[in-house]
Structures are given as C-alpha cells and as structure tokens.
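As written, the chain order gives the labels A, B, C and D, with residue 1 at the start of each chain.
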Amino acid sequence: MQPILALDGVSKSFAGVHALKSVSFDVRPGEVHALMGENGAGKSTLIKVMAGVHAPDSGDIRVNGEVVRFASPREARAAGIATVYQELLLFPELSVAENIFLGHAPRTTMNALDWPKMRNEARRLLDDLDSHDLDVDARVGSLSVANRQRVEIAKALSQDARVLIMDEPTAALADADARRLMDVVRRLRDRGVAIVYVSHRMPEIFALATRVSVLRDGAYVGTSDIGDITEAELVSMMVGRPVDQLFPKANTEIGATVLELRNVGYRDEIENISLTLRAGEIVGIAGLIGSGRTELALTMFGITPATSGEILLDGKPIAITSPKQARDLGIAYVPEDRGLQGLIKSQTIRENLSLSLLDRISTASIINRAKESSLARELIKRFGIRARGPEQRVRQLSGGNQQKVVLAKWVATEPRVLIMDEPTRGIDVGAKAEIHALMSRLAGQGLAVLMISSELPEVLGMSDRVLVMNNGRIVAEFDRAHATPDSVGTAMMQTQTLAEVA
Amino acid sequence: MTATLRSLLRHETILAILLVIVLAALATQSDRFFTTANLLNQGRLMTEVGLVALAMTFVIVTGGIDLSVGSILGLTAILLGVFWHNLGLPLPAAMVLAVLAGGIGGLINGLIITRFKVPPLIATLATLALYRGLAEGISQARSVRGYPEWFFVLGQGEVWGVPTQLWILGVLVIIAAVILGLTTFGRATYATGANETGARFSGIGVDRTKMLIYTASGLVAGVAGVIFVSRVSTTRSDMGTGLELDVITAVVLGGTSIFGGRGTIIGTVLGLILMQALKNGLALSGVKGDGTIVVIGLVLILAIVASNIFSRNGDG
Amino acid sequence: MSMSAPAAARPAPPMRLLKRVAAYGQEFILLGAIAALFIVVGIISPRFFGANNISNIFAGNAYIAVAAIGMSLVIISGHIDVAVGSLIGVLATISGLLAVNGYPIWLAWLAPVLIGIVVNAGVGSLVAYLRIPSIVVTLGMLSILKGGLISVTAGAWITNLPEDYLIAQFRLLGVPSPVWFMVILTALVAFWMRYSSFGRTIYAIGGNVEAARVAGIQVERSTVIVFAIHGAFAGIAAVLFATQLQVIQSTVPPNLELTVITASVVGGVSILGGTGTVIGSTLAAILFAAIASSLIFLNVSAYWLRSVQGLLILITVLADMARRRRLR
Amino acid sequence: ATWTGGDDLPTNPLACDGTAAAPVAKPYDGGEVTNQPDRKGKPIKVVDVPKLIGIGYFNATSKGIADAAKELGNVDAKTDGPTQANIDQQISFIDNYITSGVDGILFAANDPVAIAPVLKKALAAGINVVGYDANSEPNARQWFVNQAEFNGIAKSLVDNMAKEIGEDGSFAIVTSTFTTPNQARWISEMAAYQEKCHPKMKWLETVEAQEDNVLSFNQATTLINKHGADLKGIFGMTSVATPASAEAVTQAGQCGKVAVIGLATPNAMKPYVAKDCVKSVVLWNPVDLGYAAMYTLRAAADGDLKPGATSVKAGKLGELQVINGSEILLGAPYTFTKENINDFDF
C-alpha cells in the first residue's frame, strides 16, 4: 500500500545542533509505525516536521505521493495530520471542551460557535477514551497531568485525522490508563488511520506496532517489521551498544529507620499515612492516577505541609513546612514535572545544578564561581549528562538529559532521603538503565529512597518494599518477595472497587 | 569570559555603545554639556530615580513590578514632615522613621503579593492609589517647611566636590550590583523570576525573597523621599507622582526583561545615565521638553529592538 | 466546606448553575458591590437615586468603559498597553481639530477610530513581529504621543465646537448616548468573544502562545488585529471623551491609562492573560464612577478619596483571589 | 467637608466695603544677582518656565511674554516646561537652562520653597530672575509680578457670588488639587473673607478635580445632583474647573438656578456667558501678566529696576506699582461679563 505520509531525506538543525540528518520515514493507512530512539535522538523534531511546526532545512514531505510544504501547523492539519505533542500544548484557562475543539469548533447556521454541540461532542470523545469522570466544563489548568493527556488525545481524535501522530502519549499514564489508550489506538488503526507512535515503553511497542523505525543522534538507523525483531535487537539499534540490565536491584544492607510518618494527612487529599524509610532501602509506591502519591511526596517535601500527624527524622519529631527546610533536613525530591518543578529551563546547567546547594558553595553569601563550575563539570561527568558543557542552557537538552540534571542536582545536596516521583518518565531505555543503576548505587551508599512510579515493572523491579496507595491512603504493603504483578495489581484494583462502593 | 556572561552583557554592550554615541553627539551640540559641573549636577538630579531603579531591577528580575514607588516616595516625604513638625520628633529620628514607613509600605505590597497571590501589577496599582491617598489625607494638603540647614547637606550639599546623594547612589549601586550578581540572594532572585515553581521546588525561599525585595523597594523609595525633601526643602503630598514610569523606563532600557529572570544592575545604571543625558543634553541643545520626551520614547523602543535583533542573531 | 467542591465532583444541574456563577464570579462581585453601594448611599442620601445622578454615573465613565473593552482584549491576549491615555488624548484632539476646521462631522467621528487602528496596528506589529514586550513598546509610545501632542498643539484648547458634533451629549430615549455606546459595545464584544472563533483565538493566545501556534493560529497576525481593535475602541472612547464638553483640552488626561487598566483588571481580566470578560471591565468602570459619586454624597473628606479608591480596588481583587482559590 | 487645607500662612481678608488696605511700606526683600554682567540695552536670552505647559492660561502668559519680547526687540524669549504641574520636573528644566547659559529666567512656581534653591543658583550664576503668577520665596528671585493679591481675588469672587445667589445662598467649590498653592491660598482667603463679610452664606464643600476637564465636569455634576436645590452656586478655582462647572450646570438644565463664578480665561467661557448661564468670570488678563513679567525682567537686566524702586514702566500697561517690598502689582482682578468678554481673545 502507498504510504499516506512520507518523509524523504529530511534534515533539520537548530543553531548548530543537527537534530535530523537526512531522515526518511513513512506511514501507511491502517498501521502503527513506532518511532524509537534515545532521548535527544530527534523523534520529537521529526514529528514536528511532519506536523508543520518546523520547516525542514532540506528534504521532501509527501502526502499521498505528492510533495507538499507545510507553512504552518494549520496546513498540516488541513492535510489530515493530527498530532499529540510530547509537551502538552493546552490552554490552562479554557475548558476541556474548548481545548479539544479550538480551531475547528462546530458552528451554528449563523456561523457562531455552537457551544452545546461542542460540549456534547467533547463528552462523546472523552467517553470513547473511557474518561467518563472528566468534566467537559472543567478548566484544563485544574486537571492532573494524566487528564490533560486525555484532553490532548481527544483533541487529536476530534479532527478525524487520516494520520495521527502521538509523541509519548502514555508517558504520564499509569498502566491501566495506558492500556485503555492502546485500545483506542488499535481501534483507530483498524479504522484505517495511519498512526505514528513514539514511546520509550518496550511492551507497548511490541503490543501495538506494525513496523518500527529507529533514530540515533538524528540519523536514521533502520526500519523493521515488528515480527522480525527482538527487544534486545531493538535496544541495541537505538543505543548502538548492548544495554545494561534494567532494574539492576543490588541487595544492600538495610539500616536504621531514617524517616517515619505517623498518621500524616494533608487536608482531604491524603489521610492517615504511616510509613518508615530506612537507610539503604528503596520503597516503591504504586497506585492509580490521582491516588495521592504525588500529594504525599509534596507533603513530605514541605510544599503542602502536613495538616495532621507526625513526622520523625531519626526518631525526633520534626515539622517540614517548606522545601527549604526539607532540604536542610536532608530530604530531596525529584519532582514529577521536570520542566516546571525540577528545572529553571532558561538557565544554564551550572546554575541549575547549584541552585539547591548555593549555601555550600558560597562564603558570606558570595558565590564562589570557581567552585560552582567545577561542581557542575564533575556532576555532568558523574551522571553522564550529554551536553556541550556547564554553560549550555537546560532548555536545549533532551528530556532524558534534563532528567539527569534534576537527579544530579538533588543527589549533589547529599540527602539522606531521596524521594523520586516518576524518575524515568519519558526516558529512553539507556538512560533509564543508568538511572536505575544510580538509584541502586545511592541506596547502597545508605540513602533512603522513596520511589513513585506508574510503571509497575519498575516499582516491582527496584523496590525492597512496595506500598500501594489509593484515594489518599496507603491500602497495602508488600515486601519484595511478595510483590508480584498480580498481588500489587489486585491490591490497586480491589481498593479501587472498594472506594467506588463506599 | 563565559557564555552566560557574554549573553547577559550583550544588551549592556549595545547600550554602552549607544550611550557613548549619544554623549559624543550631545557634546558636539552644546559645549556646556560635557563639563564636570554639569555632569555632577545631573547626577544630583537623577539620584531619586536611580535609587528606586536599583530596587526596581530586583523587582522586575523576579518577574514582578512595583508601580507604587512614586506614591511611597510621596508618603515618606509627608511622614518626614509630620514626624518632625507635627509630632516634634528630632529630625534624624523622623528621617529614620519615614524611611521605615516606606519599608512598611513595601512590606505590605510584598504581603499582598506573596500571601494573597495578587499579581504585582494589580497589587501595586491599588497601593499606588492607596499610598498617595494616605499622603494626601495625612498632610491635609499642608506643606512642612523650615528644615534646619544641616538637613540640606543631603540633597543640596557636596562631599569632596561631589553631590552628597551621588555618594549614596554610588554606594548603593555597588551593593546592589554585588547582591544581584554575586550572591546567593541574587541567584534566588533570578531563579524566582525565571521559574517560580522550579525555584520553590529547589528549596529557594521564593516568598521570602519577594518579600525582602518589595520591602527593599519601599525602603529605597523612602530614602529617595528623604533625599528629595532635602533637595527641594519642602514636603508635598504630590511628590514623586509619575516616578514609576521614569524608573521602569530606565530599568527596561537597561535590558532587564519585563518577564523576569534576566537583567543586571550595570544595565540599569547605563539606562539611567542614557535617559538623564538625553533629558539634559537635548535641553542644552535647544530641544524643548516635549521634544525630549518623544526622543526618549523612540530611544527606548529602538534600543530594545536593536538588542532583540542582535541577540537573536547571536542565539540563532 | 465550600460549595464548589461537590460541584466539581458531579455537576448536578443546580450545582452547574453555581459553577457558572463562580466562573463569572468577578462580574457578580462587581454587580454586588455596585448594588450595595447604591443601596447604602441611596438610604443615606436619597438624592443619590435621582434620575440625573444615576444617568451621570453611567454616562460619566462610559468612555473609560469603552476604552477598557479594547484594553481587556489586549490583556486577555497576554499583552498590555500603558499608552492608551496618551492615544485617547491625541485622537480626541485630532477629532476636535477636524470638527472646528470645517471638515464633515462624520469624518471628525470616524478619523480617530481609523487613526487609532493604524497606530495600534503599528504597536501590535512591533510586539508581534519584533517580539518586543508590549509594556516596553507602549511605554515608548506613551512618551512619543504625549510629547508629540504638546509639541504640535502647544496645548491650545479647542473651542467653538459645532453643536451637532457633540455626540456624547445626544440622548436617545432619554438616555445619554455614551451609555448606549457602553452598553451596546460591551454586549456586542462579549457576544463576539464567546461566539466567534477569533474571540476564542484571543483567549488561546493569552493562555498559551505555543499551544496556539501549533493549533494553527497565526499568532502574529492575530496579535496585530487585537491591538488594532483596541485602537478602534480607543478612537471611539476619544470621540466620546472629546464631545462630552464644549471644549477639548488637547492634552493627555492625567492617569487615564491607569484608570483604564484598573477597570480591566478589577473587572476580572487576568493580567497574566487568557481569562476575563469585557462585561467585568465595564462593570468596574461603572463601579469607579459610582464610588467617586458616592464619596461626595457620603461627605467623605476629599482628602481621603484616593485612599478609599485604592482600598476598594484591593478589596475587590482580594475577594476575587479568594473566590478563585475556592474554585480550585 | 469644610476647608482645612491650604498652608499655615495667616489670611488677610480685605475690608468688606472695598477700601483698599493701606499698603504697608516694606523694604526690598528680593534676592540679589551676583556678578551680573552689564546687560544694559544688549540682546538677552530669556526662558520662561511656567508651572506646566499645555493649558490655556499659560499659553496666554507665554503669548504676553512673546509679545513683549517682540516689542522690546532685544530679547530672545522662549517658553519651556513640564507637561504636568510637577515640582521636580520644573526644577530640572530651570537647572538645565542655567547650565545652557540664559540671561534671564521667568517662572511661575509650582512650589514656592521647592523652587527656591534652583532659583538662588540662577541668581548666583548672574542670571536675572523674575516670577509671575505663583511666587517663590522672595529672596530666591528679584521681582515677582503679582496679577492680583490673593485677598483681592477672594473678595472679588465672593462678592460676585453673593450678588448672584444672595447673602444666604449655599455654594460649593471645584478646585484642581488641594496641594496647588495658589488655589489653596485663594480658598483660604475666600473662607476668611466670606466669614467676615458674608457670614450667612453657606459653604457646602470643596472637591478636587485635578486639571482634568471631564473629571471637573463629573465632580460638578455630582455636586448638583447631591445638593439639588440647596446648591445655588459653584466656584471654579481653575481655568479648567470653571468652564467644566458651567458645562455641568448647562447640561443639568440648571442655568439661572445654579450660578457659576470662577477664575477662567474668556475664550473658554464665551459660550456660557453668551447663553447667560454664567454671569461673571473673574481673572486678570494673563497676556498682560506675561507681558508685564517680560518688561520687569528687561528692566531688572538693564539695571533700571533696582531695590527700593516704587514703580516700573511696562510698555502699553504704563507704570506698575511696587508693593510688598519686591512685588509688582498688575492691578485689580478683572471681571468679565457678557458686555465685555468678546473684547478679549485668549
């Protein structure tokens, strides 16, 4: 069958960075073509070329065999190409319905916007995505990341596209939601839509894709039918080398209790949380979206200070009322949203790395620039951050490397407790393995690690103990031996049903 | 020189070149422009705006704005008179109290902005009216005059041949430049302006930083108020009306991004000097006041256009 | 327990209504404030309810309300214009000069609107295409227009305006024409903002420029258009301003830009862009006129007038903040 | 609200019957120019810095200055100043002109004390300094041309009002701001004079309206609405407030019921006077004021006007009297009425 959309020898560079080097790629109706590559390989850039956001420096774009030039995203959309971008591009002040239909809203005969119809259509689209609880009148700014992701997808679906491009649509989704989304993708594929799918999650690729193409450092590496390739081969195509084992959980000696929470609550978001973190231990928290895991982390880090209960550090009661205080007590938090919470993207790597330990590199408040630079260089080396140097702006780094900057910045504060919220979200396998290895190493050095993750395999693979949260409470606890996909998954689901009954 | 420093200095470099050209051009227009006496005198005239502009640089770097500075200046001027004349306090005590009152005005701005999350523009728009109203209400339109001679040293006197207030401005410029450029507080200021959430999640006391900055802005406006009273020998409740526009123009001309996260004290000082040089030099060259205003408006727009174009070429 | 919390969970019909109310909260706060003011002042001083006084309150700030419509669009789109006072001064002078120099009356009315469009399209172009922050461009424009106006007119008053030029003094059904302008333009724009795609585009640009760009919105062109529309409203406001009396001062009215911006933001337009309605800004303009009038009726010493205004602005804004927090 | 403002200076109401207060002989209290070069008969450069530019009143004084300069032939005069009545900017303007090297400075002070240091600096730089309209501290300038004394204006305004609304009428005042020195002085003197000579008149209140046309109109309208039939008269204290108040009365259909008396320039008032809505407008002729100021400056520069002089020749205005030590009196305030208003064009 003829490809509906094809790229031919497309190149694109940004201020000297060759993001794409003569890449060819195509997608046919009724197939899911997966696009793989490490962080910074150029996947999102390629997608933006197809979507008309970036004009290619050279090379051709063909729609149904005809060469086209997209001067703007509008033209790409007119050609039947809909895109779900990696960084969610929504309007926080507008409603869900309006976000879905902005730019192509239904009209009345008077050519005025037809709000009732817009809301109904939005309802229908969201119901299609099994998002019955998402209010079409809600302000998008008030939604969780996962719900925003759903809005993005509904928006793409609303356009009746012939080509649907999805850039890491499941990165922010928990397993169950990801599965629901995959069902939707299959349905669309069966309807004859051509789908370009980017994800770092291998199982999804093998469950969904018809073909897979790989980019490395902006260059096209190859394409294969999904049946003709194994996971290991795919990984080595992406990385250019064999990758260390994922979830390299080293058995470390578990020490004394560092941090203890007793019946901690914050408003009505989390309630009666009791848990202990011990030196050298990795505790994983599993849960569905909105189960309150992030809320718990925010409370432990002083963003939303606890409104009830007790927190003890080394057995002594403490109050954590601000992130600054948490940091000074030796608690570090690698947040969920790295662009907004983790980094100052317009600043340099050096400035980001030193931001949480300014006191330590300054005398009488004056920052020692030499110390700061050498610290930055050392961390870049130690964490294998791929960058031109400490003076590169974080904005210009790929997602994985940005994540490493956040990690490095917090590890450099030499914390005793490290809370990681979705530490490998949107991270390629290579980087993921590195982060996992790092996590193991840190635990080995006596850190108490609390890891929140929506990827069950990651939770199970990395944790000494697994806590399951639902509705703002801890509802189950498993030690490593008993934490199986079945047991944890059942706990997550059961409590969900319980909550619904209640 | 590092890449950041280079990119930070880019606007300042353009501005410095522009300033040199303007100074040269003005000097050829009038032989009375480029004289020590005139330049020192201009320094005296720009001190109040300059002082407030230093604090405003911090405010704008955090992504905020303080429109109430002119009103705070007026309020401190009135309070200085009231404390001294009506309450009979010794003048030095009245001076200190008046400056502190300015600080309280700034503190209230900071509280409204950090506690109640009111956008700075709106918060200070409201206090712009509020503080001016207080100045009018407290003064009941009366002026306080008849200050002792020693008090005028501050605004009309000289120390080692240089206007007294210029020393104060000079010292504060250095302090401000060091704080913003070299200290942890400066770093916190930039981080807050560039990404407030990110700064908070990095353990920066964002609210504390902002409170300090708005309070400092009020304090400095208070100091400017006292200097102003000393310079003009009287207090009036309409003192400092419209000061905020001059201050913001100087800061923005100096390359501080109105969106926050970017700006330097050097830039502000250059912007300030450029503005004052234009006002003075054009007047000396026979251009009337209204013509001067037009030129300043044009220079502001053109300077920012030029630096935008240059820096975009640089960044790609 | 706040009322909006259960509403967020499952919007039953009455709750939905409450949510609507909450979403338009600032308008209701303002309406409440105006009503409260009228009742309190009216009880203390019944003459406050005099037909003339009511009509003056509505007519007195109508030109500010009209200017605030354009300003609201600009602020919703994520920008600001601090030069609007100067622009109105310039346009009013041009209008008056045309009227006294024998040009047709319709031209004296139309020219300010057209010139407003052209000037602000220029401002918008600098903002959109050269990426200069709007506050910087308009700060420059403020100086240029203000200085330029005085250079040209030397502040000479314009007198001897023809009777039939004084449109702001016309009445229709006993209601002063500025009130008609204010009400009709507010209603039209409010409707247009909600039911036209360009209206929504303004919200989109102000809410998230990058998202607007990939949604296929021509951000630059739209920004220029928003500024141009704002220029048109400044032109209408200038004509209303110029024809209110029989003389035109031909200078820039002091602090007019602050009043217009304040009307917009007190009306609930977020200074960060992306939200707000023009109904709010019009109500705010009416509230200001009502406050100014009330203070005279309540014998508040005029010395404290400005403090009271400042406090009231603060209270309205804080009330709005509290409401928004509850909404979340 | 009653008037509490103004300054702390004592009021000095004139006698009710208009007998002029005996002029107090006072020695010269003006300032001295240091090292004044010989300017006698030589061309001089003069700058006029009014309170603000761009209002009708100062346009008129500026015209008078230009007229006189032309008549004199050896004066190069120009007007420059702030666009808002702002003490700080006015000071900067004067300072710049001192630096640029003028021979003479004419000023109308926004604040008598604030402007003093810079004027003294001018005197010290050998520049002749003459004020008009609004005085500075006496020793900061050589001479001040007084358009009409505060108490004279007050008397004229209040007497005219009493004539129109009767001895027991109620009135209100619209002024620019409470901090404007001249207006504040006038209002204080009016209060004192009314107390003394028209004790039954009732002063309702005073409102601020800046130098803003539309605001003045709105404030006057509100006064009319508030006081209804109780309000018999409105004083406009500025050349902006008076026509706006007249307009308010006109648009409220209260012509003949609410009197408007005030300080204003004739051109702005002609429509209302023609329609009989306003019967009397009080003002000196600001063109003459500027003209006299220019002549006074020339005389001071030539050395013809020395401390101790009792009069000065001012071209077509003839001899003007020196009062109060160092002030030159233009004359009594002038009342414009329907009969004479069309003779003036400013």
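Just so it is clear, contacts are C-beta pairs under 8 Å (C-beta built on N, C-alpha and C of every residue); 3 or more make two chains touch, one makes a residue touch a chain.
Per UniProt, the chains are A = Rhamnose transport system ATP-binding protein; B = Autoinducer 2 import system permease protein LsrD; C = Autoinducer 2 import system permease protein LsrC.
Fair warning: this is a prediction, and the values are worked out from it, not measured in the lab.
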Chain-contact steps, minimal, separating chain D from chain A: 2
Comparison of A-B and C-D by number of C-beta pairs in contact, larger one: C-D
Centroid spacing, where centroids are CA-atom means, of chain A and chain C in whole angstrom: 43
Centroid spacing, where centroids are CA-atom means, of chain B and chain D in whole angstrom: 35
Per-residue multi-chain contacts in chain C, two or more chains: 146-147, 150, 270, 301, 303, 305
Chain A residues counted as touching two or more neighbouring chains: none
For chain B, residues contacting two or more additional chains: 136, 140-141, 288-290, 293
All touching chain pairs, where touch follows the definition stated at the start: A-B, A-C, B-C, B-D, C-D
Touching residues on chain B, where the partner in the complex is chain A: 2-4, 178, 182-185, 187-188, 190-191, 194-195, 197-205, 261-262, 315-316
Touch list for chain C against partner chain D, complex: 45, 47-48, 50, 52-53, 56, 60, 63, 146-147, 150, 153-157, 159-160, 169, 241, 244-254, 289, 292-293, 296-297, 299-303, 305
Chain A residues within the chain C interface of the complex: 51, 53, 72-75, 77, 83, 85, 89-94, 98, 102-103, 105, 112-113, 115, 135, 137-138, 142
Residue ranges of chain B touching chain D (in the complex, touch as defined): 30, 32, 37-38, 41, 45, 48, 136, 139-143, 145, 152, 156, 228, 231-234, 236-242, 279-280, 283-284, 286, 288-290, 293
Chain B partner contacts - residues on chain A that touch it in the complex: 14-16, 301, 303, 322-324, 326-328, 333, 335, 340-348, 350-351, 354-356, 358-359, 362, 365-367, 391, 409
